[in-house]
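For reference, chains read A, B, C and D in written order, and residue numbers begin at 1 within each chain.
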Amino acid sequence: MSAAFDVERIRKDFPVLSRELPGGRSLVYLDSGNSSQKPAQVVETMREHLAMHYSNVGRAMHVLGAESTQAYEDARDKVAAFVGAPSRDEVVFTKNASEALNLVAYSFGQRFWRASGTTQPNEDPRFTMGPGDEIVISEMEHHSNIVPWQMLAQRTGATLKWFGVTDEGRLDLSGDVITERTKIVSIAHQSNVLGTVNPVAPVLKRAREVGALVMLDASQSVPHHPVDVAALGVDFVAFTGHKMLGPSGIGVLWARGELLEAMPPFLGGGEMIEAVWMDHSTYAPYPHKFEAGTPPIVEAIGLGAAVDYLQAAGMEAIEAHERALTAHALDALAEVPSLRLIGPSTLEERGGTVAFTLEGIHPHDVGQILDDEFGIAVRVGHHCARPLHLRFGIPATTRASFYLYNTTGEIDALVRGLHHVQKVFA
Amino acid sequence: MIGESMYQELILEHYKHPQGRGLREPYDAEVHHVNPTCGDEITLRVKLGDDGKIEDVSYDGQGCSISQAAASVLHELTTGSTVTETLSVVDEFTRLMQGRGQVEADEDVLGDAVAFAGVAKFPARVKCALLSWMAYKDAVVRSAS
Amino acid sequence: MSAAFDVERIRKDFPVLSRELPGGRSLVYLDSGNSSQKPAQVVETMREHLAMHYSNVGRAMHVLGAESTQAYEDARDKVAAFVGAPSRDEVVFTKNASEALNLVAYSFGQRFWRASGTTQPNEDPRFTMGPGDEIVISEMEHHSNIVPWQMLAQRTGATLKWFGVTDEGRLDLSGDVITERTKIVSIAHQSNVLGTVNPVAPVLKRAREVGALVMLDASQSVPHHPVDVAALGVDFVAFTGHKMLGPSGIGVLWARGELLEAMPPFLGGGEMIEAVWMDHSTYAPYPHKFEAGTPPIVEAIGLGAAVDYLQAAGMEAIEAHERALTAHALDALAEVPSLRLIGPSTLEERGGTVAFTLEGIHPHDVGQILDDEFGIAVRVGHHCARPLHLRFGIPATTRASFYLYNTTGEIDALVRGLHHVQKVFA
Amino acid sequence: MIGESMYQELILEHYKHPQGRGLREPYDAEVHHVNPTCGDEITLRVKLGDDGKIEDVSYDGQGCSISQAAASVLHELTTGSTVTETLSVVDEFTRLMQGRGQVEADEDVLGDAVAFAGVAKFPARVKCALLSWMAYKDAVVRSAS
């Protein structure tokens, strides 16, 4: 671990990490892939805003309205800078990554009707969708990057296709999944189970050849690696606040401005309009066009504070720290008898998420005993990626996921815990 | 879990030494239940006696210790009791499991099944505990008709 | 004001109310109809949860997961009890009232397709929608209860119709707006501009005669009056956390269980599924079916604390307090020269929201000078109800809206402020 | 207003005594702009001189004091300057208004228009201030073509 990165100092910023759990156990939190803990800086920013500066944004013309609006829009600036968005207006705040993915899925195949009742087809060819058109995802997706596209296919009659996954847990790019009929490709930047970081360039290249749009589900990459949306060159990127030290209730859609311009609105209501008559409306420019109603104000502000925190720690340093933790974990877990790793066994193109099974012991039991006896929080089940588990022929895995506040000592505790689990069920 | 382990000795005991496991003949009804969320499965058979009592509950399945132990405890609590009695035990067990840790278990009704009280705090585990019990209820309804 | 209701004690719970604004002004907050302030109890509940108990809900099997899940589901219990929901499962958490309204609007006219590409029509006749079908709203709606229905009409070819508004600011029920073709009627329980409380019974009666569903936008009623959804007898009720002492980022849809059962899912993703295969999915029972992805966990918990606070203060007492404030305001404003009240001038069937114009002075100027000189926060503009303003032939109004923490002294300050505004622009 | 009033004396002065208000002939271009959000309206005419200078900006409209005063200041700052000069003032004014209160105004370029700096913190008012300025830019483009 780099000298500049002082994990003990970082840990002090996270109150829960020094908490004593019921029964006197201390907490070993290895479930950040599910949701991360929050530093005091984020909690305090939210508390202060809620207690002393809160009001609705945009529409209010008084001191509190100005303070809230400024803090909310500052958060947009921070998030935009954090992911290298060419324009701050390309950052749309949603309630989570799932809403961001659904927003994009609902943009396709919307047929517009005139008041008279005659069909007024959606004229932008990039966003039409019907029988014969194809949507491409992968077998390693989180349900939030599967179900919205299934629903789109059902609504429009389009066909859903997917990349397979190799035995090593890599995207299988060998077949001819993307075709001339493909309109949108949406894949995870980093798998929330395997830890695999997917290669964006070849997918993007093929998509561009056939004129398809590309969306990245960056829920597991933005929190852990420096991500530059412009450099990636994709069209849409979704991520979520609660996995990157921010609060619940806030997510982000980044998209290229010209696409946000061309997309129909998704949720209708206050703040997303320009003018409203009883029988029709005109819409505000993006990002507001996609932010109907009172937005998650304090949540966006909390996310802004989280971005500040991550930037102060340094995304490169965080990445290096997690890489060291992952190396340690891969080594240590290899020593546990009958442990089967699901996902890449080397550090190459992978992040700090390690999923595995223990022969003869159900992951639910593994997770619960780790928690019961040692206060070790891991996630067990299919981690909202059931098709991936079907692919590997297993109902569930145990998953440990690391973040900037984790230590090699915690990984050692996990390994000791696994040995104990094996004893209990021996 | 919030101070008390979900893994009561009794649960582990039932898991390691399941009572009445295995599918037996004769039977009046057989059901197969699956928990699609976690993949747990159970096949369960019920044989009614002439006296309105449950003569046998036999079962086979796979899943975590909670779901397996729950089936074993179910077997113990139901075999030899009247259908009506067992259904009130099922109801009480369901109430306990769905109470999100805020329901007091009635030990007189539940017997050994109170060991599952700690499970109620984990929505994701509640289904594991209930799998065999729901299958039983289903099988009883079918065998009666 | 009732002896039991001690507004000065209540005010102490709201830190911002004793804040000194820049320039040494104290705050007079008369903009709760836009968004309410938060008591320390709500802020502290959220802080404590974020700092010490936070984790993802439902899916996590460890101490923090159990604590978060319990707190989140407890909040659902509290909200359900607060509005008299027959079942806690009928309470769906959304990000705001707008999402709740959109969720219901998107339930209609969803044609489902099979994987093969042949149409599989949505079979529940209550939720079909097409040319010839009618949607009924009113001219006094908030944009969030207009635009989603306009979009639904555009998507499906259905016709949007509306009740007019009388000169006194009441719903005009005289015409034959609801017909045999009406499938859904959605109106405000209380207008966010006029303060008018709309009569639910006659609308519901007519809707039932023709077999239409009825939705109430209760964003402005649930915070201020005892509301019992079962007693109201309607089908859907939407409201929003930030207007009832809760945080931003949380809203509520209550609906009758059998309707939630029949409705197609809206947002797809994690937590709203039962099982997922690559080519299809089965969905979780409601309410989870409508809560895709990580929900606004801490926000729901904050709303639960807000409900606790409101119940401790007593909704009847709050209603009586606001009624006294409104009586005082209507009297005092009647004395301001050339002030034109927009909305009912008596206390009958109206809440604590008072909108008006001052002859020759633009509301934007009124609001800003009140803020600048006196720290008085009111809302100015069309308050997301542009059609209502068009109806009255005015571009904008000034709106003062009251809540449990307001005093008659603050209303007197407003009146003094208005006199000053008139002097500035004389 | 974070310590400083949006209603600078100067703004009120311009509102109560608007400079150059009224539509005049001759003109090279006329535009009509509306802010659909708040209903503010302006009709604005531009007359170019032979020397590349703005000979006259005449206007009429309705709305709040900010939008009306902004038109009056616009009239003062543009009349008699070259098109190029005025467009750089418009750009600077736009930058200030869209800076959400975080942009330092360049007084040398903006002159009296710096009085509007306080408006920038209120997104809803920014459009009021910009209405006439955007109309002006539009009119200049049209009159040049």
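Here is the rule we use: a residue touches a chain if its C-beta (ideal position, glycine included) is under 8 Å from a C-beta of that chain, and two chains touch if they have at least 3 such contacts.
Keep in mind it's a predicted model, so treat the numbers as computed, not measured.
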Inset, instruction - Name the chain pair with more contacting C-beta pairs, choosing from A-B and B-C. - result: A-B
Inset, instruction - Starting from the mean Cα coordinates of subunit A and subunit C, work out the distance between those two points in Å. - result: 30
Legend entry - Approximate Å spacing (C-alpha centroids) for the pair subunit A, subunit B: 38
Inset, instruction - For subunit A and subunit D, let me know how many angstrom lie between their CA-based centres, rounded off. - result: 44
Legend entry - For subunit D, residues contacting two or more additional chains: 1-2, 37, 122, 124-125
Inset, instruction - For subunit A, write out the residues touching at least two other chains, lowest number first. - result: 22, 59-61, 63, 65, 275, 364, 368, 371, 381
Inset, instruction - Using the contact rule from the top, write out all pairs of chains that touch. - result: A-B, A-C, A-D, B-C, C-D
Legend entry - subunit C residues touching subunit D - in the complex, by the definition given at the top: 22-23, 362-365, 368-369, 371-373, 381-382, 395-396, 424-425
Legend entry - Touching residues on subunit B, where the partner in the complex is subunit A: 1-3, 5-7, 12, 16, 37-40, 63-66, 122, 124-125, 128
Inset, instruction - Show which residues of subunit D lie in contact with subunit A when the two form their complex. - result: 1-2, 36-37, 100-101, 121-125
Inset, instruction - Sort out for me which residues of subunit C touch subunit A in the complex. - result: 15-16, 19, 21-22, 27, 29, 31, 34-35, 37-38, 40, 42-43, 46-47, 50-56, 59-65, 95-99, 101-102, 105, 110-115, 117, 119-120, 131, 139, 142-148, 150-151, 153-157, 159-160, 162, 240, 242, 247-251, 265, 267-273, 275-281, 292-299, 364, 367-368, 370-371, 375-381, 383-384, 386-387, 390
Legend entry - subunit D partner contacts - residues on subunit A that touch it in the complex: 58-61, 63, 65-67, 69-70, 73-74, 274-275, 282
